[in-house]
Amino acid sequence: MISVRIADAAFDPYQALALFQRGHTESGAVASFIGLVRNQNDDKPVATLSLSHYPAMTEKKLLGFAETANNRWQIDRVLVIHRVGDMAPGDPIVLVACASAHRADAFAATEYLMDKLKTEAPFWKAEIAPDGARRWVDAREVDNERATRWDSVDK
Amino acid sequence: MISVRIADAAFDPYQALALFQRGHTESGAVASFIGLVRNQNDDKPVATLSLSHYPAMTEKKLLGFAETANNRWQIDRVLVIHRVGDMAPGDPIVLVACASAHRADAFAATEYLMDKLKTEAPFWKAEIAPDGARRWVDAREVDNERATRWDSVDK
Amino acid sequence: MNEPTIKILYFAWVQEQIGTDEEALTPPADIETIAGLVDWLKTQSDGHRNALSDVSRLRFAIDAEFADPHSPIAGAGEIAIFPPVTGGMR
Amino acid sequence: MNEPTIKILYFAWVQEQIGTDEEALTPPADIETIAGLVDWLKTQSDGHRNALSDVSRLRFAIDAEFADPHSPIAGAGEIAIFPPVTGGMR
């Protein structure tokens, strides 16, 4: 089962994780990643994180990543929730969870999805400082390098 | 901050995860693993999982693993909760969570801790079938092999 | 001859600098690739020229699939131009 | 000469087969290692002999640190004998 959601308002990742696993006693291993807005980035304070996206493309890409993960690893269920819009420090940005009978598969699929969300999903972050200054976040080369380790998976 | 707990009664891993992160806006990346009792193992149905341990050694080992993880990777906080006693299918057995400014460190430390819990913490599982038959779970060679990838970390 | 109209989408700072999130344009028939389209778009306004001046800082999608400067645009209904993506988490 | 009393702990099926979780014993002074201790323990009862018959299936700890059959037991206050551990998750 694959579940992908773009959230345009705050979501509770802990509750989402509880619901994700409720009633599923066949897969005992649940790896997950929760990303939250940090109060600073590169030593600059952040008051608001504003996330825009390309709606027609986002959901399609996220579904594609989840399907690839589902085919590559032994996983029973995948959940991806990604926020868009304006967020404050501490607000959840992203939740990825993979349930499997085997922890190694659950971990690998979760890491794969996080790398893909970072490098191949059409999201853009702008940080707004406490003084109102707005700054578009730059992509980092290290993320692209990290994502290349999945090249054989994506083929 | 390192927090390690042996739970002799049911715990809520989702709530524990929410509390773990509450108020911490400096570390935006939280990797976690939740293990739950499966309703079968090796195609045999499981009614109860009974987990015993060596109390004087368990907490000491868990703290040691968490400290090693904390030294090896850039992580801000580590949480380990491991159940002992009798559990039903679906009940949480273990929660490991690592918070970091960087997702790669959070993932690596969480996987390290899960491998160590599996191979070097004095826990023993017995499965009780619906007909009452009791069976001690055997250790698996694959887990020991998997754990050897951390040998350089443990040195 | 009727050249087709293409919907062009802009995101993030490309959108801010051009001043619109979307426009419907009819590029000349001799434009065959994304790179050609970008060169033509730069003639549309100062905002376009500024936003699109450095193609190495831009990424593209044709009908919601990633494309590159050499990708042919024939048959495209929707072309998006944007900076490298920055979702997920560090 | 007073040989020291050692607390011996058993876990999991070792505990079940021996029929106790803990006993305080005074091994002879010429026993120097875990392996020697196990051989001596096997003479204590049928349960001990059965549980401890295959040393390759056993693991050990001295004062709550993992040990192996060759580890010296001099000075040990507490020795634990148990099967390979099976915590965590598959």
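By letter and in written order, the chains are A, B, C and D; residue numbering begins at 1 in each of them.
Definition applied: a contact is a pair of C-beta atoms (placed from the backbone, for glycine too) under 8 Å apart; a residue touches a chain by one contact, two chains touch by 3 or more.
Note that the structure is predicted; figures quoted are calculated from it, not measured.
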(message) Averaging over Cα atoms per chain, report the distance between chain C and chain D in Å.
(response) 73
(message) How many angstrom lie between the centres of chain A and chain D, each centre taken as the mean Cα position?
(response) 49
(message) Rounded to a whole Å, what is the gap between the Cα centroids of chain B and chain D?
(response) 26
(message) Two-or-more-chain contact residues of chain A, please, as numbers and ranges.
(response) 28-29, 33, 35, 93, 101, 103, 114
(request) At least two other chains touched by the same residue of chain C: list those residues. (result) 89-90
(message) Please classify the inter-chain touch graph. Allowed labels: line, ring, star, complete, other.
(response) other
(message) Dump the list of chain pairs that touch, please.
(response) A-B, A-C, A-D, B-C, B-D
(request) Name, in rising order, each residue of chain A that touches chain C in their complex. (result) 33, 35, 51-54, 56-57, 60, 82, 93-94, 114-115, 117-126, 136-140, 143
(message) Looking at the complex, which residues from chain D come into contact with chain B?
(response) 9, 11-13, 61, 64-66, 78, 80, 82-90
(request) Over in the complex, which chain C residues touch chain B? Could you list them? (result) 89-90
(request) In the complex, go through chain A and note every residue touching chain B. (result) 12, 14-15, 17-18, 21, 23-40, 89-90, 93, 101, 103-104, 106-107, 110-111, 114, 146
(request) Over in the complex, which chain B residues touch chain C? Could you list them? (result) 28-29, 101-103
